[in-house]
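Next come two complexes, and both contain chain A; in the first it sits with chain B, in the second with chain C.
Moving on to the complex of A and B:
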């Protein structure tokens, strides 16, 4: 870490007539902080207040109910199931996206005819709105008019009538396919950039010394690309924890509550069941837990240089 | 090049082509549906390309007024991008050059970006109901401005730190005011970063679903919400889903194509400087 550059007004000033300068650095920061507090702090305060009251569709009881709703959090099986679904999706999709992205990055890191065009085209899935990606896959998965079952039918040699987003056995594979299709290119792009910056003379020297490819990867390449890999995992991991759009488009959490994630469950509680206080409790818990985790991770990873 | 080298290049090229097919096929399929006739869409086994390119599916969207949602998206994402870029960049300048608030403030700001929207959107919805801001342009514009500010501040702080300090110092000595130095010296120096960050900021707002789902009813519905309206309990409006999705995706493809150089830095929150 280098000492930050600064042009903070020094005593004696750098130019005459800059007396109003002292407040400049706060003045330019103020609008942004004001907007962030309005959108950032208000929800926390409000959810905290609402969560200790008892507001739902039937009553508007704003008297103090203590930790009533927080206690219910622990008994709410559907909440914990939705958290389990979220962690399942994150735990499976994230390593696959990382692994595939890394393999693709290795494929493209060396010279290849037309490489810039390949890379530019491969990244397109990541640019699509996630809900549109989900909608696209729902059309692809359609059991009669979609090409997926058609292609599987060619392979199987007989018609394949899989009801992808309805049959409990296939909803998760469908979600994984859509999710991994959309975000593997993100991992690929970041890891390709990281791999391109690895010092080739180091890896070549190690290879000449007889190091196995695995050793070269573990000892030289991995440490070199780790900072980028870590930020890629952080960004994607947090995206997966909040996953909503693609599942909304594919299954809306169904069949039943089989694919209900934390975000979808919270949405259902707040906007379909109108359990205001209880949703407040969930939201407050999510905000607090994730803020702590995120700040801890950011500090640990020192991505803020 | 050795024989083995040529072979491996050929194999890698084949693998690359296979990957390209796998990753682009869904997009190809989406675009093809948008140009198919109803008979072609609902043929089983499915037709892999339309017999003729025709624009009826898009014409219907414009005739029925559904295309208004694309203009809503354009107006809302555009306005919030301008606001977030201006307020975010001057705030980033404060963080970059004066270390205002130290690392704590910077980390708090970027952490705001990483909270799940669902946790924020529920209390905000109640606030918006109280203020009468649900289904209004300014409500959604403010929301996206706030949502994108951490990103803009974080990214622009990095770009500003890349600019040599001497330029501003000499501008100040030359009699520029602080504002003058910021707007006439710093802004032009980081214009590439500004442009790249603006494109991503726009895309985030353009592609957002959850805020729009909660905060819009009918007047200011954005295109991603409109796409989900075409999924019905009984049947789906395939042609409309595809045509609306193409209207939403194509501009992003074009915008990002112009700034490939900044793509990695933009999506890695500045962790990779391309």
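Moving on to the complex of A and C:
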């Protein structure tokens, strides 16, 4: 990108009022920049300030308490367990959503009859509020009246009373099913758009030259769709790190704290236990870690170019 | 001199007459009269979402407006969020709430956080102290005050009642078989061991058509079931000196394992049961015993279920077959309840107070506890003996007598500083219990969490709160 050409005054000197204009330009930008910074920075600063005070259900001690709550972060086993649960969900759901989304995109990139209708139907789950999706899946998984156990019962030939949201063996599968059902279409949509823009002449030329489908994918398609795929992965990855609604509706983090994610734990601490300062410390830790990770990923993915 | 004496005597007579006239008014009438000065105003009240709120929406709210000209805006909040919302609004200083429904075990936390208005001055100003005395002692003495000051009016006689199928229990064949098997008469169980015997006996004989029992297992309700059973078995929550948690001892493990083993004679999937599941199964005649709040008993008898608001309640198939008893041990958990309070941040404190005095008064509350759809349960002496209520259905007398007995022996919900944090640990333990984890390991974790919480809050502060609570006659079985 080049600097916009400036109009030089005919006499070679500075045009009258130009310096004032330049300042005026910044001046009129200033309120917008200030508002943006205020909206973006103020909550972070406020969180940071709260995290070094001692505000909880019964006390509003706004004096400086140093790193009291940050020290507790490292002793709080439940916090680290919730982070592990979050990473587990992200580590499993994200590749599955990507893989399924990519497969569906390959299927629909061809001009099939009725394609627009199918695409629209497939995208529907992403339009539903996650908490509604979670509540719907809770009904579907109901051990007694839910259709999932009914269908399994027909197949098994006897009642199948699986306690999907109680039994430790089934809670994670239930979460993955609900999560992947809702968000695979998002991957699909982005990847379909990316695949539609891949230059067909390149893939056809490679095929004529005898390249295998895998080679065509690795050498031509993947590099072409990578920027979009990387952004999709980043968006969904961040979403999964913050996952709350579906799990809240399905298990509320149970049984025990077995499916408690970072967001659920933070919510519990902040809005049910009123540990405001400690919640601030958790939030600030998450902000810092995620910022570092996202910047590193953006550089690594080279999509900032 | 004589003239002056005469004038004084006349003034005294007139004064006494006027005062007697004023005092002749009931507390409800006094509230209405005083509230008329606020005609045209609007007050908000936080009420539990769902059936509970049909009381102010359909009955008391419109009636109050008709009597005083004050509109009532009902803010429905799910039970699990009520504490959070009340405290959040207080912290934010919005003044959005005027009157509140408060679960009594939260009252200390909310009062100490400054969210509740102290009511003593209003009580005296509007002459309500005498009527407060006619609230059943368990509720009056335990669900009204914090540190000796009034912060709420007990307004709901919640407690757990055992409902059972009289037809099955009184069947001569069942009685003979049961006695031959266990050596004692088949009747409402007096102990948890008997409960298991009877439950298993009926399941063995009638399942899958009828199971021996079915009851709440969702964590929010399950913790009350545990609190009751643990204390009935002789458990104490804390060591009163060291404030170390005691629930992971043998008694706690026995109670926990008993709860889980009882599931064996309950319908499959009982681990997920809440209010609706237990209600629908009992009314459908699928379970022989259940333990729940008083509305189960009214609806099982068919009282008011023709009301549109109760159209979702399954038609009772056992209307003339329901027996009422106290749960094993005879000391039922008071399980939540509600007290009416005034928000300290309210901009209409006086009007809000007058509304709750009127709601809670003898005459208004008597009507409210008979609303079939509103879930408020008898809590005043007069409610238990009211002729109209006693005639509502054939066994209403037995029902009210059971509630009255429970109101005497009922066990208070544990109430100490930051109680929700302790309850949260217990709620999580319930799901682990149903998931099949080792009972002692679960309770060891809960005890460790409780101890850590106590240490964070401060052992001395929490000890004082616990000793205050444990010193009440209904904290533990006598």
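Operating definition for what follows: the second predicted complex is superposed on the first by the 250 of 305 C-alpha atoms of A that agree within 3 Å, B and C clash if a C-alpha of one lies under 4 Å from a C-alpha of the other, contacts with A are read in each partner's own complex, and residues count from 1 in each chain.
Definition applied: a residue touches a chain if its C-beta (ideal position, glycine included) is under 8 Å from a C-beta of that chain, and two chains touch if they have at least 3 such contacts.
What you are looking at is a predicted structure, and each value in this text was computed from that prediction instead of being measured.
By the touch criterion defined above, A:144 reaches both chain B and chain C. In the superposed model, A:238 lies in contact with chain B only, and not with chain C. In the superposed pair of complexes, A:189 makes contact with chain B only, with no contact to chain C. Contact with both chain B and chain C is seen for A:271 once the two complexes are overlaid on the shared chain. With both structures placed on the common chain, the touch criterion links A:167 to chain C but leaves chain B unconnected. Look at A:256: by the touch rule set out above, it reaches chain C but stays clear of chain B.
Counting the residues of chain A touched by each of chain B and chain C gives the higher count for B. In the superposition on chain A, A:57 makes contact with chain C only, not with chain B.
Of the two partner chains, neither chain B nor chain C is touched by A:70.
Once both structures are placed on chain A, chain A residues 144, 271 are touched by chain B and, in the other complex, by chain C. Note for the complex: chain A touches chain C at residues 57-58, 142-144, 159, 161, 163, 165-168, 253-258, 268, 271-274. Interface residues of chain A, counted against chain B in their complex, comprise 4-8, 14-15, 18, 21, 24-26, 28-29, 31-33, 35-36, 38-40, 42-44, 46-47, 50, 104, 107-108, 110, 112-113, 116, 118, 120-133, 135-140, 144-147, 150, 153, 181, 184-186, 189-190, 193-194, 227-228, 231-232, 235, 238, 241-242, 244-245, 248-249, 262-263, 266-267, 270-271, 276, 279-280, 282-284, 286-287, 290-291, 294-295, 298-299, 303-304. Those residues of chain B that touch chain A in the shared complex are 9, 12-13, 15-16, 19-20, 23-27, 29-30, 33, 41-46, 48, 87-88, 90-91, 93-95, 97-101, 103, 106-112, 114-120, 122-127, 142-143, 145-147, 149-150, 153, 161, 165, 168-169, 172-173, 175, 177-179, 182, 203, 206-210, 213-214, 224, 227-228, 231, 236, 238, 241-242, 245, 248-249, 252-253, 256-257, 260, 263-264, 267-269, 271-272, 274. Those residues of chain C that touch chain A in the shared complex are 84, 87-88, 109, 112-113, 219, 268-269, 271-272, 417-418, 420-421, 424, 428-429, 431-432, 434-437, 442.
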